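Quick one: the structure is below, and I'll ask about it shortly.
When the chains are written out, they are named A, B, C, D, E and F in that same order, and each has its own residue count from 1.
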């Protein structure tokens, strides 16, 4: 059985990591879709798709996963009615979708695809919004993401980027 | 004389219906443009263009209209300066525009087209926003739209769609 | 049962007309999709969507059709894998597709939709290409299209347009 | 040395004018990029690119500039990661960027381009937002923009446009 | 009177130069539109819009023109029916169009704009196609373009680019 | 050192396979970019990006590769001058590009990226065009692609798709 898990991963954090671990217990292969792949350099979407691929693949490597994982960036198509077809054309066929986004869940259900809400799997909430806010304000964000993600963000000066693009004091 | 009447019709309601009846007294043929045709599955634009075509054409059938009515979905072009040309290329030629949207009125006026504000025709306000809110909260929305529209929305489980896509509790 | 019939209709001719008559015997309602709606002013696609709506609706009026016919312009989406979803979002639901285009047939079949090849219905071939060539070269094109189509093309100076845009001698 | 200065110029005002004068002391040639060129007829972006070209070129003419100035409209590309390449393909090569927009500054810096913050040059603040608000409310906007800009805005009835598109009382 | 002259200028050559000189005798101000501005690095469109701006503005400088000339890159809009509105939104208002392209002439005529065919002005034919072929094959292209254009093309290694992108022997 | 190798892989064949093996000897990590990812269901591009991901990842699995390989679909951006930035935003950073496409080579060279022509690695020519022609005509295509690719194509009825979309005899 092949599963599909989608998120924006801005950045990839322990919330995603925990969900992923649970999903990997249930499927034979997993596709991770990186949503809004074309976005970057904004407060909501600071990292490029390439940077997010790097974060996720290194974080997963640490997990010592034995199952095949496909990581696929997905550009926005800006039309909800086409989105499921867009996803299906861009990734290998899948049997079940994992998501906690109400719109994603509804769109796949209308298309007749089995969906599992990932809400069930999450014991802790690590939200991207909170992490990005801490990056901006000098708070502790490093404890909320896997170690390899910390490294990627440092390599690309991710914190500097977030501070620069929100700079009111140029 | 051929008229052009534009709206998003999310959904088509008695406010539109009343305006339409008045316009039909004045024109020989009427074009109904469905704006933001590519939008669907959001709180502001829950219904697809196809669903809206169905609502409008059935509601009009009930009216026993003797004049020719064209119903044409119009995708957004995202450039105000091109919008009038876009509309003109997608629908048959028309002599007068009926609208209560200030931008629409201005754009057609700059292009030298005669515009009639539909504000004048409306005795009652039935706003799409209010109807969608009632759908979400279980209020009485059915009395605000023509009967055939109620039927279309039930056929496609429109209320379920609105509830699902706004679900905070997945 | 609702059918869907698609073409570019550059222009609408007796070949389309004959197919339409046959389809109308089989369905309760018919959707006519105007493909490549955004194209115009080229040798292959001289007429705008609005002009084609006018041709088709007038030609059908002459037929004295008792069944409901929806005429819907469809802009190209430039991605075959999304095309069926695009069509479905823009028109009312349908049960069967009528087409003689191999790609259209394949795409709907992969989506699990019933398709009928219109090849079967055609006794005579009236091709748009031939008609456009005759318009350019002063040949008899008028006998190949319904009378109301001749009128629309004359109103908009369609022949002049085709001659102008191919003019080598400016 | 060729400089690049970017703004939306909705409208071109004395704040821009002052910055421009300073930049022209430092460079041999200057490129003025008009951002969001495709936008018009909104409260934030009332004027077309063509109208803004007219404002800027006439205002500069008054300055009696001896150096070559290129005025280039730039359409949005909607992808921050491609924006620097987009600019570079649309304008002549440049050595230094002048901007006070944090995102613009960051994007050029990541691309290795020298950037000068124009904050340093500005003694007075003339903000487009304030000017557009005054146009709407009948305040004194004319003292905040160069005389030729007043003329262009009057020619095109710019104040009428802003009032019309925000009209709540149609 | 303000004129509008459009071309792709791949590259700007003596044919354009001669036409320009004639037009400048007739108008008070001239807008030069650079078509297909987003294209570059192909055999048909080797040069970016920025490079073409450079060629044209330097070539005109040599002419010692006393009249105001606006050089404006125009991205393709891919819809003939919107093209005139697109041009009008991107450049200052104009009274007459100069072109030898049949489609351009037809589109402006349908929009009610006065058009002058530049065919009349051309005594010699210098075609972009021929010049690009000579660049590829090592022929004499330099005598067909103004001297400043030769310089720009050498600065950017334009000949090397054309040879590289058509290289069958990588 | 991380390498980037791009192709359309319609389908992935022994020519690609051989080149890949050579590249993997030289790099520490490899990114495989799937070009024209949005294309499918045409004679030139019959397979979706998702299907091509499946072909490549299974074929590579057979190789028993010890190095990390990223497989990333890349949608066309339709502007050569933005293409390198597009690629860079969508994939992890890379040090060297492997390609035999002249345009790709030129674009990366202009951007200052090291490029290696894969022509050097190829002893045998297996061209996608030839393989697709054999699929259409019933020739032996199976010996030209790795076994797992044969399986994927059979699972999705790839040969049936190619025959259907080119069918002149509907």
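FYI, contacts are C-beta pairs under 8 Å (C-beta built on N, C-alpha and C of every residue); 3 or more make two chains touch, one makes a residue touch a chain.
Quick caveat, the model's predicted, so the values are computed rather than measured.
Visitor: Which chains does subunit A share as contact partners with subunit F?
Guide: Touches both subunit A and subunit F: C, D.
Visitor: Touching both subunit A and subunit C: give me those chains, sorted by label.
Guide: Shared contacts of subunit A and subunit C: B, F.
Visitor: Please state the rotation angle, between 0 and 180 degrees and to the nearest 5, that superposes the Cα atoms of subunit A on subunit B.
Guide: Going from subunit A to subunit B via C-alpha fit gives 120 degrees.
Visitor: Whole-Å distance, subunit A centre to subunit E centre, using C-alpha means?
Guide: It comes to 46 Å between the two C-alpha centres.
Visitor: What is the distance in Å between the mean C-alpha positions of subunit B and subunit C?
Guide: 26
Visitor: Find the geometric centre of each of subunit A and subunit D from their Cα atoms only, then give the gap between the two centres in Å, rounded to an integer.
Guide: Once rounded, the distance between the two centres reads 37 Å.
Visitor: Taking the mean of the CA coordinates per chain, how far is subunit B from subunit E in Å?
Guide: The mean C-alpha positions of subunit B and subunit E differ by 44 Å.
Visitor: Tell me, which residues of subunit E touch at least two other chains?
Guide: Those would be 38, 40, 48, 79, 81, 88-89.
Visitor: In graph terms, with chains as vertices and touches as edges, which category applies: line, ring, star, complete, or other?
Guide: Its topology fits none of the listed shapes; call it other.
Visitor: So, with touch as defined above, which chain pairs make the list?
Guide: Contacting pairs: A-B, A-C, A-D, A-F, B-C, B-D, B-E, C-E, C-F, D-E, D-F, E-F.
Visitor: For subunit C, which residues are in contact with subunit A within the complex?
Guide: 77, 79, 81-82, 84-86, 88-89
Visitor: Taking the complex as given, what residues does subunit A use to touch subunit D?
Guide: That would be residues 38-42, 48, 161, 164-168, 170 of subunit A.
Visitor: Going by the contact rule set out above, which residues of subunit E touch subunit C in the complex?
Guide: 78-81, 100-103, 105-107, 109-110, 117, 119
Visitor: Quick one: in the complex, what on subunit D touches subunit E?
Guide: Against subunit E, the touching part of subunit D is residues 37-38, 40, 48-51, 53-54, 57, 61, 68, 70-73, 75, 88-93.
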